[in-house]
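First the structure, then my questions, so here it is.
Chain naming follows the written order as A, B, C and D, and within any one chain the residues start at number 1.
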Amino acid sequence: MSKSIDLKPKFEYDEQIAARFLANKGGAGGLPDFLGIRITDVGPGTMTGELTVRPELMTGIGNMHGGVLSAFCDHMLGCVCYPVMKKGQWGATTEFKINLTAPVTQGTVAAHAEIINLSRTQAVVRIDIVNEGRRAAIAQGTVTIRDPR
Amino acid sequence: MSKSIDLKPKFEYDEQIAARFLANKGGAGGLPDFLGIRITDVGPGTMTGELTVRPELMTGIGNMHGGVLSAFCDHMLGCVCYPVMKKGQWGATTEFKINLTAPVTQGTVAAHAEIINLSRTQAVVRIDIVNEGRRAAIAQGTVTIRDPR
Amino acid sequence: MSKSIDLKPKFEYDEQIAARFLANKGGAGGLPDFLGIRITDVGPGTMTGELTVRPELMTGIGNMHGGVLSAFCDHMLGCVCYPVMKKGQWGATTEFKINLTAPVTQGTVAAHAEIINLSRTQAVVRIDIVNEGRRAAIAQGTVTIRDPR
Amino acid sequence: MSKSIDLKPKFEYDEQIAARFLANKGGAGGLPDFLGIRITDVGPGTMTGELTVRPELMTGIGNMHGGVLSAFCDHMLGCVCYPVMKKGQWGATTEFKINLTAPVTQGTVAAHAEIINLSRTQAVVRIDIVNEGRRAAIAQGTVTIRDPR
């Protein structure tokens, strides 16, 4: 076996849905808007989002609230699956695990989500969250995919 | 071994800190305030918080955003440790895992956090999140505890 | 909300299958036999198994190999679901998360598994692993349940 | 931010310790020997191990026992950290999460572990497990690193 494993799933990828995400029309005041998430890149099985650190996202001791990072992960987990699902299918985040690896105090936070494994009924996704040149969080989760009823 | 395992850690528990959490003075506009989290019960190694479902917490399809539940978990993970830490110690959520088990559409969401294992340097915490009489999420996480420098 | 949350799922529970697990006829030389797992209690949505610490399960530094605890968890996750599944259904462990909380050096290791949430297609299970009166590991996982094809 | 995030930690890497792992002198009859794990590659912050599927590792229905994959993960998590730790330090797997993504029925199973984040006190590691050209499991875990007492 070679050192680096490249087993990227093959994706049918809907560019129209990708374009809708990139338009960032937003959630009309919901949690993603409060967090300030904007989608900056969409590829086959990948999606990148960013948010800007601002006072409302901090705790009293001057670090960004960990809940911002976990909510950001949850959001990206669901979103990355949409452009690769078949018409009418829907996805629901079933579970995820996140390691918080560095405090965030300023700048931009970028989350890069990638579908690592895709079956008929679920996607396993990895997420890297980066801030000021270092990893702020690392996550792995499962999205259940269902056919239309 | 008996069927039910009762190995509750023994806690030294600071009632003044507990009272501060129950006062719900809030985060002055931060994420916990956006989510509307209020602490309703504090015990030795346990803490219960609640939030009320409202339109800003929903997604476009009428379910509460999963990021609300994961941010709620992250918040409770850190908070439940404060009343049992020694003076000057601080805690940081290192990692957690959450299963989202039922959609939330209305009512109140309550999270009950319990420290299951406490060592000199970390707490392992379980969280049950309940809405309208059923479990909405189940989580398990680690809080690193550090002595003052 | 009361402090303690009791939302146990209701189970239809097959006592014949339970009895088969308790008979411990074993895996004819497989991993559960190498680990020495014996099922000691089965209830509606619960199962307890035990293994005895022995030299083959240790590492070079005299602690039980963490892989024993994680394999034990994986085994209990699948087993606890069988007595509550409908005839012809099968279960597969999809994912789990384990915290290793104390080294094991001697005695008996008991794992208590409990189905915390049961839907038509999956069970979420918690596991407590105890050794010499303290928790050695704490786990949470998902078992996917499928109808016969 | 570019699409692909490359934030590999810089490692001081002890080639002598790496060579010792590659010698595969084994655990003298313990769990790694029962599983048949052999280390096939060691790099700065990476390690690859393999095992061969054989009847003792299967369940009654002809798939490899999930416990083999989770024990394999646990083993690699600890091992990958040794060549990058300072003299006298020791590491202990604190927790990990594993998704089982495909059944294993034959051939070789290779696990590639990589340290994604390294601080003074902990390493966060990702593991990819591959069998017959597809992913069998995906994991993420934490190893606590301690200085000599």
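As a convention for this text, a contact is a pair of C-beta atoms (placed from the backbone, for glycine too) under 8 Å apart; a residue touches a chain by one contact, two chains touch by 3 or more.
Since the model is a prediction, treat every value here as computed from it, not as a measurement.
**Q** Identify the chains adjacent to both subunit A and subunit B in the sense defined at the top.
**A** C, D
**Q** Report the chain whose mean Cα position is at the greatest distance from that of subunit A.
**A** C
**Q** Applying the document's contact definition, name the chain pair with more C-beta pairs in contact, B-D or B-C.
**A** B-C
**Q** Which whole number of Å gives the spacing of the CA centres of subunit B and subunit C?
**A** Here subunit B and subunit C have centroids separated by 26 Å.
**Q** Centre to centre, by mean C-alpha position, how many angstrom separate subunit B and subunit D?
**A** 32
**Q** Going by the contact rule already set, what residues in subunit A reach two or more other chains?
**A** Residue numbers touching two or more other chains: 94-95, 97, 99, 142.
**Q** Show me the residue ranges of subunit D that touch subunit B in the complex, using the header's touch definition.
**A** Its residues touching subunit B are 94-95, 97, 122, 142.
**Q** Across the complex, what residues on subunit D touch subunit A?
**A** 1, 3-5, 7, 40-41, 43, 46, 48, 50, 97, 99, 101-102, 108, 110, 112, 116-117, 119, 124, 126, 128, 130, 133-135, 138-140, 142
**Q** In their shared complex, at which residues does subunit C touch subunit D?
**A** 27-32, 34-35, 55-60, 65-75, 78, 92-100, 103
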